[in-house]
Amino acid sequence: MPTTIENWNPGKAVDRHPEATYEDKERLFLEVKNDVRYKDFIYGCYECGICVSACPSARFYDFSPRVIAQAIAREDVERIYDIITEDIWNCAQCFSCVRCPRQNNPGGLVTILREVSLKNGLQESKDALQGYSRVIYKVMLKGNQVSPDMLQPDFFPDWGPWVQNFSQNMHVWRKAIPMDSIRGLTDVAWRTDRKTLLELYTIWFESGNMDIIKELDESLYDLLTDVMNEELEEG
Amino acid sequence: MTELTTVEQILERKSHPVIRDASVAPTDDMHERLLDLEAKGEIVLQRMKGDFVEFPTKYGRMKKIPIEHTWHHKSCGHCGHIPGYASSILWLHRQFNLDYHDPTDQTSCTGWNYYASGASNAVGQAAVMSRNFAAAYETGYFPMIHCGTSFGHYKEIREQLVHHKELRDEVRRILDKMGKPLVIPEEIVHYSEWVYAMRDRFKERQLVDMSAITATVHPACHYYKIVAEDAIYDPEIYGGQRTAVVTALLEKLGVNVADYSTWFDCCGFGFRHVLVQRDFTRSYAVLRKIETMINEANPDLTVTHDTGCVTTLDKSQFAAKAHDRKVGVPVLSDAQVAALAMGAHPFRVVQFHWHSTDWRPFLEKLGINWQKYWDEFQGDLDQIRAGTKSGVTWQDADTPIKLQSI
Amino acid sequence: MSNDILVITEHMDGKFSDVSFEMVGKAKELASALGGQAVAVVVGGGVSSNAFASDSTIHVDDASLANFNPEAYGKVIEALVKEKSPRLVMFGWTATGMDLAAWLSARLGVPCAAYVKNIGADLTMTCQAYGGKMSADVSSAGDMAIAACLAGSFPLEAGQGSTAATTMASPVSLDGLKTKFVEAIKPAGGDVDITSQVKLVSIGRGIGGKENVELAEELAGKLGATVSCSRPVVDAGWLPRTRQVGKSGLKVKPKLYLMLGISGAPEHLEGMKSAELIIAVNTDKKAPIFNVAHYGATNDLFEVAEAMLELL
Amino acid sequence: MNIVVAIKHIPSIADDLPVKGNNVDFDSVDFVLNEFDEQSIEQAVLVKEAVGGTVTVVGVDMIGELDGVLHLALAKGADKAVKITGDDPAADSHQQAKWLAEAIKGMSADIVFVGVQASNDLDGQIGPMIAAHLDMPYIGGVSSVEVTGETATVNKEFAGGVGAKYAVTLPMVVGVQASVKPPRYAPVSKVRQVAQTATIEKVAPSGDAGSGLTFKKMAPPVVTGHAEMIEGSSKEVAAKIVELLKSKGLV
Amino acid sequence: MAGPIKAKYVEKEHAVVDGVDISGHWNRMFEPRTIFEYTPELIEKVADIPGGESFANCYQCAKCIAVCPVDIVGNYGPRKLYRYAQTGMDLTEAPELWLCTTCKNCLRVCPKEVDMIQIMPAVREQAILTGKFVPPELQQAFENTAKTGNPLGQPQRKRDAWIQSAGVTIPIIKDVARPVDVLWYVGSYPSYHPRGIDAASAAARIFSALEIDFAILGKEEKDDADSQRLAGEKGLFEMMTEYNIETFNKYEWKELVVTGPHELNAFKNVYPKHGFERPVVHYTTFLARYLDRLKPLLKHRVEKKITYHDPCYLGRHNGEYEAPRKLLEAIPGVELVEMQRNRENGYCCGGGGGGMWMDSFTAKHTTMRLSEKRAMEAASTGANVLAVACPFEVSRFTDAVKSTGNEHVDVLDILELLDKSMRGE
Amino acid sequence: MTSGKVLIIGGGPSGLEAARCVAELDGEAILIEKRERLGGTPDRENYAKLTHHWRDASEAMADMAAAVTSNKNVEVKYSAEVKGISGSAGNFTVEIEAGGVAEALNVGAVIIATGFQHFDPGRATQYYNYYSFPDVITLTDLEKMLKEHNVVRPSNGQTPKKIAFIQCVGSRDRQIGNEYCSKVCCGIASKQAIELREQIADSKVFIFYIDMRMYGYWENEIYWPAQEKYHVNYIKGVISEVLQKGDQLLVRGEDTTMSRPMEVTMDMVVLSVGMEPSAGTRAISQLLGVQQNKYGFIEAGGAGGLDPVATSQEGIFVAGAASGPADLDDSIAKAGLAAARALASVRKVMA
């Protein structure tokens, strides 16, 4: 096909994601806009750059909370789709950007964008969270986000010889902690009552969280629902 | 009176900073809305039972900090990766015989996962918070949050619950299923605020001279950036321009607090990044924080008050050695520093062995013979290995030790 | 005066260059026609000099001649030529022969022809001239002449043999030389040896600038080839000398020689013409390379390269 | 340090060369500076910039147009220009070398640079011949020159990327293959300024030294073969080349 | 570019620290994107060069970016140059110095009159005079112009060789030895470039058919060097100017007709500063005057859909937009369609300001050639002929239609189209 | 008792202009001023040059004061403050204390011209460290140094070579409650930047801004010359914080046109502080019972919104920056209008 002005895309043309229709992009935006938090998170942006000033991601990535706020303030549906598919996973969620003199909350907008991305099963979010699902599994099932046994030397060589030392001594070190709620536990951070976990499972189901997990990773969903349902039935 | 030069006039003017007036605070006071909701019967507002003290927040509103009868909302990161952090907080309570509750009817706030993955939603997050607060309420103890992210996250959820009826209704529907009321405590309290409140009492019982130590402070983003008006500020600390927690403690304990230009920057934790994208976390922690601190302040120690920050700043230093970056600053929490000052055992309580950046020079500078205590602790471990001891207990750890110098 | 023909052979790293054998072969042919002898001259040591099919071989061996030294070699050859008084002295038109042939010519007042491609029985020399744009037939006045011959002009095998050499000491004193050999310079380490490559993508001046070398690298990468070049590319600093094909560079014999923007100066042709498949892309349809290449195209090299990248 | 650059003004080979009798029709060709001389001038100026001294450029004025070339050399950093009023477009290398050597003799040159070769070196290069006449050592094929005191250290290139380093007691003649850096650009304003202010010393040719060669014939070479031309757009050409490579098992 | 946001990083392929293998991404460290210093002195450096003053005027309104032809295929434009200079780019040493085609579209819209037509030649001249980087291709064109009188490096004595192929007698002014009405300045590309020769031959035939009393300079003609001037070689321009003025003044003629817009610009706008003030006209303007006589000659229909590309130096620089269109409309059968960017906002072919000789250099810093962009625009109109009126353009666009896969679009000079209609080929 | 007199509160530019206008329209004016001298903020804060014709500020204020003090229709009371008010339009009794002496004035109308005060950069945490770092100063601090032709770094007395202005300090910021634009800071900063470049030839001057708000002729008279002639560097992107780095100041922000974070050292940082209602304006509003807007300025505009000097109280008018950020043009224009409206109101009652 000859290259013409219509099909040539030098990389700066508006439509970076022709694979999605405008209607799809608009639908995602409306989901974002309909979030209860939306109007607390965006007022308008006059491009002062204060949000970028302390943004850790902007130091290394071509990432800009200002652009995110501006795109959303303008309701630039195309650009917002670019952000959903390209930018949001670089945010460190530190909320340094909330110093915004307009009281926008770009980090909060990213939170909503991420949720929408997941809820709609966008491939980019699946890719971004690929290595992370074991943590989701842990938090949803155990009620703790991290546990000592997650610190495998193979996954953390960049933390130095400490990781090997730790991993060799984990069991005995865990017993040498004076707190009763922690002592001896290696697969969770602290001891949690079974009743507490059942309540947590109830929340996951009732809040619609499980639907998000289903979009993200079906097999993870199956795994979690099996365990949770079984427990809930027993409980 | 002689006429002041222009420069003298400028400097004179600068010597009288304005004390902030709560009446012109740009944000609304949440507490009035909470009282409204309580009055309408929409929520249960949990009040502090025991002693409390009050301190000004960013815009001058006074915040109540409970001293005792506290329900310790533990942090996943503390308990999972830096247990000496959690045990130091409790150890400090025990030193003053302050009544506290270390619950097992507690889940994580799940904020870490939420900020990392977005794999949850506002309702889910609010329900988790409310469930935990309801669990605390049932015990009668007042929640004290260990984790900076939980603290910030809960502050934000509180805003959302207060502002959005539909959210309250949805959360209440879920809580009803487990027979729990929708409870919001009258203040959301971070443990570092308690440490701040207790600093004079710590000072009274200080056993270790810390005047040889130069330390930098990393204020935790989620403590003071999320719902910024609900963090403690003190006109005496940085002229009220930065949060006072941590810094005030260190100054009280006689530590020389040194400033550095990237104090406002995040640690680089990134939630998901620290687990699966550590190139970013490492670069940020080293280039923006550790190296800057070394260049500008050359500290013996850096002190912070959140889970993620301790982990990130401590663990990220190692790999940067491959590029000959300047690293080697041990990282502790304010609670650990306070405990150490009061004679907590470096290993049984403070659990230094969970920290990766070399802490020995720091202890040596404090005049602490760490080897002696390490040997002692190894004895504990040997017994545990041999099965003659089930573990280290408060009994082993409670008594302050007369720290032996080198 | 004799009808002998002296062939000044050349060698490096213990091996004689091809042109030495080629000249000896030609000298034999000419000498037999003239009724003289073909005498191979070997200057310097470290080489087995019984390698030629010459009528005789003189080997001047002296420690100070171990490495090529134009001043020392010149003195030795001048003395030998004076002594032997041959009809023709043959040099290779090479990096070493170039330093000597014209010098000797001026020293002795003897005619010299360069770029010699052929020598007739009457000693008429056919020379390449004006960058290959011309061919000239010249004859020389006087009893002695010097011919500096282009490599590849005569068959190689005819010169190969095993005539026993007569070794002799230097006929002149080599004291007080102003020129000192310091050290050999080997090709920069780490870089590829283009002479051993099966496929080469070779670029010339037409590549335009250093920044465009990348395109050739990319194409070579896709082809499993290595990038080589002509002299101007090296002179401009766009590629290291180790990549230069041609007389002053390396002689290559790859299975594929894909040329981009090389017009085909004779010096370059000399280095690559025995490649098995030569494809040349050059916008100048009159470029001499098309006389040597097997396939040619006159399109823009960048476009062709980019289009090939897409296809590969 | 007296640095001399001997240059050659030679027929341009950018175009077909017309023949007249048994030689090139010199009246109908453009003359240009030998391209190796551009390298040689650059190398000379670089040496001057490194150790100080003056650069004198000398050449034989073949057709009365050498001034432009000399001005260019001056604009690029040469200090003095000398032209030998040869006025014989057919003067061969032997003749030019003789004239140049005679002219250089009076210059007390410490080092003489020449372009290693030229496309009209039918009777050999001028460098070694100048060296022979001046009784100086010569090294050709040089790609770098460094002068310290009385010694020049030069790198000579052989085939195959191999080279050798020589230390030569000055004076000497250097045949430059390539200067260490590519020849610099001389802005025309500078050249013109030079043209207005510079004086070019004229020297009458001295010494007779023909090559002793007689041209029996001069003609374009007989084309032995020609490439099979691939026609079409660049994309088509690329496709055909790729196809060809595939058919030969080369990709 | 689309796709994930990349950060710059360093990582060691092999790294073992304290006995732990952290090779590769385990030790990766990012590099900051932060601006650590501003360099206003680099703006002043440009503004201090005579001609560069207006560079400092920019207040970042960005109107220029929308119309800058280079930005459309890359990341460029006066506003950006100002910012780059403010953040560390020394324009005298940066590749950006050579990307501007002096198309003048930015000046057309600039509220602060930041004048790249003055700035670029001035700074480039500075770069050249101080021996800074000059793109090798451009250096070659300069050297060719200085040595051979034309940027192509073709022999001067062959300057009039093309007239053999014109099929009509083309008088050389030296030979006619009498005053003529029109001195036709053919130009370098029409004299040497095969596609240029096609247009020159067509022009000769048209002039003859119109019975115009004209002559050319033949071997005495040399390049106008205006583009070399804009590329920074003012000295070269002045040298050529002196020669050309002297040559023009040697003969008696009434009007100078030029084939190329760059020559028009040189002789009409710049030569007067050197004392040459004579009537100069582009061939389109000239022929448009003869429309009445021309129309009857255009006997053959040219059934083509034609789009016309405004040369920057004919249009924006010299205000001629209509004559070319009138000529095209005069050809029977022609349907004239406009590209979106036309007349004042015409898109640049990339050949101006020395761009003609920096194609591979420019290609390195843009996503596609300007000529390709324009060829695509032309193809998008559905035209099957792209008509041009600048000798740079025929060769540029002929390449461009091929490389963008639009070979079905013929690139023809208006002269060729008129000639076609006249002769019926 | 009805009175034809007009009381003008405040002796700054708008009070002076109001008094002059009342007098010139053959009215009687009483001008009360809290300080011992006239001239208002330009005088008190040692303004150097005005943006109008680059006039010397003291000279200009002296001219304005002279026009009032030399007019017999105006009575000026110094060290005077309002203590209470009663009555209504046409018949106000205003209790004042002048020079320690209490007094009751019977006036027909009141014009409030109590002006503004500069935003105090310590009022809210903006991380600019005005109170921590000596070399962080405000526009007014710099103004005085410029006036004295002695611009130095307060920390060490040395001449600063790199100076940054930070715009919108205390303005346009929901976080500190001042959402409005203070209108003059862009012009003043640019004016000072020109003066800096004149006084310190080898200085580099930067202005970090959100957008440059240059009303009317300030564009061509100040902004363009600042950039074109004086090569002041305008960088879009405001500074988020000022930090110490060695003996210099590090300013951090985003360069928004480059879309890159920036972190640059400076010798001196000037905070372009905006306007807030003066303490006098706040107090007078309370005292006179006129409505204030959410920022504390006097709510002006009247019912239709097009009466820029009307307050919520009949017979009480407002002039100058007491009703919101205003430049000298605005202040003086409003003063004239207030004078006319006040006179008209008392004459209506008198008639």
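Letters are used for the chains, namely A, B, C, D, E and F, taken in the order the chains are written, and counting of residues starts over at 1 for each.
Basically, contacts are C-beta pairs under 8 Å (C-beta built on N, C-alpha and C of every residue); 3 or more make two chains touch, one makes a residue touch a chain.
Only a predicted model underlies this, so the values are computations on that prediction, with no experimental measurement involved.
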Inset, instruction - Quick one: how many steps at least from chain B to chain C, stepping chain to touching chain? - result: 2
Legend entry - Shared interface partners, meaning chains that touch chain B and chain D: E
Legend entry - Of E-F and C-E, whichever chain pair has more C-beta contact pairs: E-F
Inset, instruction - Select the chain at the greatest separation from chain E, using centres from the mean of Cα atoms. - result: B
Legend entry - Closest chain to global C-alpha mean, per-chain Cα centroids: E
Inset, instruction - Work out the mean Cα position per chain and let me know which chain is farthest from chain C. - result: F
Legend entry - Approximate Å spacing (C-alpha centroids) for the pair chain C, chain D: 19
Legend entry - Approximate Å spacing (C-alpha centroids) for the pair chain B, chain F: 44
Inset, instruction - Report the inter-chain centroid distance for chain D and chain E in whole angstrom, where each centroid is the mean of the CA atoms. - result: 35
Inset, instruction - Measure off the straight-line distance from the CA centroid of chain A to the CA centroid of chain E, and report it in whole Å. - result: 52
Legend entry - chain C residues counted as touching two or more neighbouring chains: 236, 300, 303
Legend entry - Shared interface positions of chain B, touching two or more other chains: 228, 264, 280, 282-284, 287, 318-319
Legend entry - Residues of chain E whose C-beta touches two or more other chains: 7, 9, 17-18, 20, 22, 26-27, 30, 32-34, 136, 402-403, 405
Legend entry - Chain-chain contacts as defined at top: A-B, A-E, A-F, B-E, B-F, C-D, C-E, D-E, E-F
Legend entry - Residues of chain E defined as touching chain F within the complex: 32-38, 40-41, 43-44, 47, 56-57, 59-60, 79, 83, 86-87, 112
Legend entry - Contact footprint of chain A on chain E as seen in their complex: 1-9, 17-22, 26-27, 30-34, 72-73, 75, 367-368, 372-373, 376-377, 379-380, 404-406, 408
Inset, instruction - Could you please specify the touching residues of chain F with respect to chain A in the complex? - result: 168, 172-176, 210-211, 236-241, 252-256, 259-262
Legend entry - chain E-touching residues of chain B, taken from the complex the two chains share: 279-280, 282-284, 286-287, 318-323, 325
Inset, instruction - Spell out the part of chain B that touches chain A in their complex, as residue ranges. - result: 74-81, 83, 86-87, 90-91, 102-108, 110, 112-124, 127-128, 131, 135, 152, 156, 159-160, 163-164, 166-167, 170, 173-174, 177-178, 180, 221-222, 225-226, 228, 264-266, 268-273, 275-276, 278, 280, 282-284, 287-288, 315, 318-319, 347-349, 351, 353-354, 356, 377, 380-381, 384-385, 390-394, 396-398
